[in-house]
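Labels run A, B, C and D following the written order; every chain starts at residue 1.
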Amino acid sequence: MNLLLKNANIPQGDRQVKADILVRDGKITGVTSDADGFAADRVIDVDGKLVVPGCIDPHTHFMDPGFTHRETFTTGSRSAAAGGLTCHVDMPCCSKPSVRSKGELHQKLNPLKDQAYIDFAFWGGMTGEDVREGKLDNVWGQVEEGVTAFKVYMTPSVPTFPKVTDAEMLEIFYKIAETGLPVGIHAENFDICSFYTEKLKNMGRTDAPAWAEARMALAEKTAIQLIIAFSEETGARVHIVHMSTKEGAELVRDAKRRGVKITAEACPHYLTLNAEEHMTRFGTLAKIAPPLRGTEDNEVHWQALADGTIDFVGTDHAPYEIATEKVGEGLDIWNSFPGIPGVETMVPVMVSEGLNKGRLSLSRFVEVTSRNAAIHFGLYPKKGSMELGSDADFTVIDLEREYVVDQEKVQSMAKYTPFHGMKLKGKPVMTIVRGEVVYDEDNGGIVGCSGYGQFVTRQSNAQLNRVEGELVY
Amino acid sequence: MNLLLKNANIPQGDRQVKADILVRDGKITGVTSDADGFAADRVIDVDGKLVVPGCIDPHTHFMDPGFTHRETFTTGSRSAAAGGLTCHVDMPCCSKPSVRSKGELHQKLNPLKDQAYIDFAFWGGMTGEDVREGKLDNVWGQVEEGVTAFKVYMTPSVPTFPKVTDAEMLEIFYKIAETGLPVGIHAENFDICSFYTEKLKNMGRTDAPAWAEARMALAEKTAIQLIIAFSEETGARVHIVHMSTKEGAELVRDAKRRGVKITAEACPHYLTLNAEEHMTRFGTLAKIAPPLRGTEDNEVHWQALADGTIDFVGTDHAPYEIATEKVGEGLDIWNSFPGIPGVETMVPVMVSEGLNKGRLSLSRFVEVTSRNAAIHFGLYPKKGSMELGSDADFTVIDLEREYVVDQEKVQSMAKYTPFHGMKLKGKPVMTIVRGEVVYDEDNGGIVGCSGYGQFVTRQSNAQLNRVEGELVY
Amino acid sequence: MNLLLKNANIPQGDRQVKADILVRDGKITGVTSDADGFAADRVIDVDGKLVVPGCIDPHTHFMDPGFTHRETFTTGSRSAAAGGLTCHVDMPCCSKPSVRSKGELHQKLNPLKDQAYIDFAFWGGMTGEDVREGKLDNVWGQVEEGVTAFKVYMTPSVPTFPKVTDAEMLEIFYKIAETGLPVGIHAENFDICSFYTEKLKNMGRTDAPAWAEARMALAEKTAIQLIIAFSEETGARVHIVHMSTKEGAELVRDAKRRGVKITAEACPHYLTLNAEEHMTRFGTLAKIAPPLRGTEDNEVHWQALADGTIDFVGTDHAPYEIATEKVGEGLDIWNSFPGIPGVETMVPVMVSEGLNKGRLSLSRFVEVTSRNAAIHFGLYPKKGSMELGSDADFTVIDLEREYVVDQEKVQSMAKYTPFHGMKLKGKPVMTIVRGEVVYDEDNGGIVGCSGYGQFVTRQSNAQLNRVEGELVY
Amino acid sequence: MNLLLKNANIPQGDRQVKADILVRDGKITGVTSDADGFAADRVIDVDGKLVVPGCIDPHTHFMDPGFTHRETFTTGSRSAAAGGLTCHVDMPCCSKPSVRSKGELHQKLNPLKDQAYIDFAFWGGMTGEDVREGKLDNVWGQVEEGVTAFKVYMTPSVPTFPKVTDAEMLEIFYKIAETGLPVGIHAENFDICSFYTEKLKNMGRTDAPAWAEARMALAEKTAIQLIIAFSEETGARVHIVHMSTKEGAELVRDAKRRGVKITAEACPHYLTLNAEEHMTRFGTLAKIAPPLRGTEDNEVHWQALADGTIDFVGTDHAPYEIATEKVGEGLDIWNSFPGIPGVETMVPVMVSEGLNKGRLSLSRFVEVTSRNAAIHFGLYPKKGSMELGSDADFTVIDLEREYVVDQEKVQSMAKYTPFHGMKLKGKPVMTIVRGEVVYDEDNGGIVGCSGYGQFVTRQSNAQLNRVEGELVY
């Protein structure tokens, strides 16, 4: 079975070059401007659209199994496909059970296998409870099953995934350092967040931006500097998920210069939205943790993403049920759930606000939406590249298409987004996974099948600055 | 009433110059090599000994009122006089009540007034409890009464002086920043200290160095970097008391370069003793918090003290009752009390190991044992200098005297010290406070009177890099 | 006319991937593992050898016209082809006339056009004489004719290309900054070099290492720091050709961090040879300027080449006639000519000592031998890449072939090299320029034709950190 | 013979304290507030004026012997006395002979001995000519005679004191490093200065600011970075005389942090005047080298002087004959002589613009006008302090006196100054040298005697950061 993707504009460095892409059995077998004699079972003519390596979301909470009133793996995966994503890496916390051992990984994986439209990998996890119960060695079972990284929370998330104290985090770092895998941290100083939440609550504050004020930038800054110190102590590869502040970007930049093994993730919302304007407009629907920040943080993060300080983009897709968890009787800015969906808006926002506005060159766009996450999570060169032998995962982008984000029209069960109403230019219009079209904006929308998506395991311990290296233990 | 101190060698820069010092009514009124025609009520001939501005210990816990089985203000003050100190600044925590308000200050001060042999000032205090109970404004009453600084603990001390959480410390910094006074912090990450204490205990460790291992250098490093971040946020003048690690010295050096308002205190024991050797030798008698470190930390601290990174020396004099609190039935390295006496060994150790071994120039010796603490605590120019009008406080030093530290011969009630058995060269032999001899090694020892020592209040908000400035609110 | 290059191992990131390369009319038209149905006029089976983008030497002195007793463009180009190079950029100085104007460029180009076996571009030039004679605007004529960069000498070279004084260099930088092109500087402080040359001569030194001692590292260090200051003043893109010292690497690293527009070139001889050993062994035959340095410089330069401080490799190929200019009657270390051939040993040394010894990853090897020079000199994407539409320039490398460098067997007229006798592993065995085999180690050696090589002009003002940009004036 | 200086306000730290100063045989023998019983041969009541350690000008060109049409040692010394100076260090260049050897030092010293009103020391010198003629060892004879430092010019000064080339400067640094003495450099890149002078001349520029444009800031910046590199190479203590640019201050600050042995001198004119305004107003009378800069440079230098980056102040007093050398027939901005008098305005300007405007604290004022130069030039503690045993050199300052600088009323033969017309507040009103009043503003002006001033030799190799150390060879 082979496929010919004709008239693609593919990235070569920062240029787009017209090419045809040959695919056999789901793998890329050629890139050519000379495909005339090539006989293909199927030909797709993309008519000059930009075709990039399939975009990857390294940070999703698909809520399944366990919280399927919010999102199922099916709806999450469809939403991701519609957003131009070909692969995502799902977090270990927002499911029942959470993933903190080999057994729990299987319990999570089994019910999901038949639901995926696009490929997916898993984060493993480790919590304070695991430390207290002497279960640190559970990291090894997870490594065996192919988790790509480990997640740790410095602040409480869902009840099934307890936060760590400082010392528990240190213990976890020592252990994970042995595996060579990265550990991603939700980096907020818990004590600061909870103290000022109580303080503002007690002052009677109910406005939405109070949420951002309580979880002040200093909470992220001090968390990140602690993580850096712990990385230097333990040798662990640390990764700051959903970094939100300019202070964080400065700390990461300095730490990288000193040789600390640190990476960081930007989110579309921290790049383009701010607390004052968007929390005022969307209220609890824009409530996330860490909170939206200011416009200066936006600009510093675009710069940091462009210059290599921040390594790639993720969505922190965390959908909640509006009526019971976001907006409704008894729900206010303090007790509503923090989280927003994101997989359907990530590529659109990055294309429109990043690539099309010149904040990201074409090569950097490919790195931050696909290649770097693939390397970081050990999925490269299977994912994240358009090399011979790579999976034929493509995101096809119409750079000229203009439209307005409409939260009613999303595939996700969560019909809300703080990007609602934003005018964008540039849109992913076709999503191809291993040679199969999964989403076709102009011809039927979701055209893939539930269960087509495959579980992908970590292939190597590659780092962004040292790509080689097989996973051997 | 006037006094002529004849044949002194006084410091002029790094040189010693032969001079006579004129004193009237307890104040210095002249320094001359030409005193022949000067008629004095009393003449003391020091016969070429080094006479420096009266040494100050900015960090004592004299345990009175409340814990007088350990030390009384009388015994503490006598011990300090015998150690060549003319003034000390007593901590707010180790007394009943602890000092966290104007009223408590008076309650502490009253029973002490008639006990002092040398002058003394007070630290104020602020705890997590004060924050939780809305008593932050109590800093102002303490300022009015002349406290020199405020003390905060990141780890538990005595029950009457609760520790702070991160957020409580931040709140305290915001408040103290308004006063312009410095805030001194016992800087150890509580969570790390308690976690590893439990861990090592549970592993069955009972050796003394386990105490140092549990309270690892990382606990101090991460505490100090948090304090620095909070200082940058709040503008508070922060001061690291009893800094013990080389990592701390590096953080303070960098922060000073960036303009952070930070100072630090070295202790004789962190300069000259190490955990492996001295905790093994002295066991629980060498137990303190933070713990003794390594020989590399010693050397880094001498260098930091010489180059201005560390600002002055204090003892953290914290005497305990040996039989019930240090060594005895049921007391081990974990449950014995952390603390050692220090006022009687500070000047001897600094003279012998610092000045006489060339690690400190003469001018730097004067700065770190007297002048800088006086400026930092707002006592200068009354204290800490040999200027006209300054108090006639002198420490007379015999640079050649050799002796062995003997814990049995101390004035303190606490007959133990990890310096026991150390051979020293150079000794304070006379202590003069406001023109009165309080201690005379070779003629009677303690010759001063109980109650002669005066309570001294902060005179100004002077900083080491900006000495001017009256205390005005 | 099309070609199929079969069974190539091509670089994809740091991996080698088996692929066939399709070529039509001298351009790459496809890369595929699926070429079975592809009908080609010619098929070359490279049998699993590594095929990289054609290597480029950005720094040659082919001595023609004018000094053809040393090298002709024909012999230089043949030597380069035999060394695995597909393109070189020839310097403006070692010809009659030298190239400092549009007219001179034509005078140089005309006699060379029919001699080249591989493609070539030109450096333009600017000298102190041009400044003094008011001819700064001659840079524009050279830009129009497609020079890739400008060369400036801080020390005397050949009589027809006078050195600059400091101020003349500054004037030239101001002018070249207007063009956006880089200016490459031979960076040695002239006064230091000439003073210590005279001094050592007068001391009677005649040993070969005296040459290195006279032109001390400080001469390069101070030259580079001056260049950096001038770049910051003028905005000129500065490029340090043939950088030789570790001090230089440090200055370039720091300047890059501060945002200075600076690049640097390493040479195979500064990476692998040292003054003491190789000047002693080869005498005047190893005499070059700047001189060979020490083994520590070697290692620092390998590291700097790997980490991006140094941008690419060039040879400074400067052949001289042995009998009259290097070794013979009346020739000593002071008056013999400084220069060594290099085009035939560059790729072998970089493969053997860099790639095969793990000092350079595969992707970095491609960057420093091909891609980066192409970008820097504005030849990319025509040169320096294996992208669709790029020239079908390939260097075919047998990574396993072991051999000993033999100066007798070179294509160059200059039968000497300080690499003589070095055992290497890994060798370029076939050179393909625009789809034509020019050199085939195992089948006839030089098989290309004189005059096949084309003159290539600068395509854009691309910089390494900003690849886009067309050349528009 | 003894003296009592009554009712002085002396500096103690940053405070003024009322004191009487006792003097016997020209030395300070006491400082007291208790001098009632003290019998003195002479009493001077300064009625509460500020009395500081006698101010020192470390940088004068008194032009004698050899250029006495400009200034004689007599007139220069009288001018200095009137300006509140008690000591100056005269440069080796502007005399016949210049001082580059022991013999020349004697030739200069002999005719001056009977002319001085205040004390004086000498700079030694070394020139390119000395290097070329193999006379480097002449530094030793000068050291024996007590020179305080060595002077080197990177640009031409008077014909008898040739400039150095880069290599000659390097040779000199190697040699002077052996002596431990500092070497002061006139730091301007000669080639830049001369090239742009010619260029602007040829463009027909005759306006005064053209002088500043030609000797651009870059000339000083590149000179200083060269000097720093040479200091790091040779270990020489380097000193930047008359530093003029903000770029220079930045380089010195960074170099000090890295541990380079570098010091720098500010001048009153670079602190308060600027090229555009003052060269336009005063024309050739404000012509100096380096030239006046901008107001931003002024502010950066005040800050650098306050924070310790710049070590002390000097005048570069270089008076010329107005009619033949500054303003007159055939004299323009290019061929008039560069130099201004300064000894009579230094202390006034530093008091008015520095101390009284709060740019300098009192302690810093004393350091930069007296103490630091004394230490740097090895004259401390004889000079530069008010310590027991120090010379009784005092500058008595009326901090309230307001006046306008009037070039007609100066003691110097050079009746011009770019400070002419400036309103100042604060004035030295009495100058006391070794217990004798030399100048008394309100009682006769110059009241000292020609020949009273003594030649002072270097006492030690003290550095500002290491004050101890006797001069032993």
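Convention: a residue touches a chain if its C-beta (ideal position, glycine included) is under 8 Å from a C-beta of that chain, and two chains touch if they have at least 3 such contacts.
Here the structure is a predicted model, which is why all the values come from computation and not from measurement.
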Subject >> Where subunit A and subunit D overlap in contact partners, by chain label >> reply: B, C
**OP:** Tell me, please, which chain's centre (mean of its C-alpha atoms) is farthest from the centre of subunit C?
**Re:** B
**OP:** Averaging only over C-alpha atoms, locate the centres of subunit B and subunit D and give their separation in whole Å.
**Re:** 43
**OP:** Please compute the C-alpha centroid of subunit C, do the same for subunit D, then give the distance between them in whole Å.
**Re:** 52
**OP:** Could you give the separation in Å between the centres of subunit B and subunit C, each centre being the mean of its C-alpha atoms?
**Re:** 65
Original post:
Which residues belonging to subunit C are in contact with no fewer than two other chains?
Top reply: none
**OP:** Using the touch rule from the top, collect the residues of subunit C that touch subunit D in their complex.
**Re:** 165-168, 170-171, 189, 191-192, 194-196, 218, 221-222, 225-226, 229-230, 233
Original post:
Which subunit D residues qualify as touching subunit B in the complex?
Top reply: 2, 10, 12-15, 17-19, 22, 24, 29-35, 37-39, 257, 361, 363, 380-381, 385, 387-389, 466-468
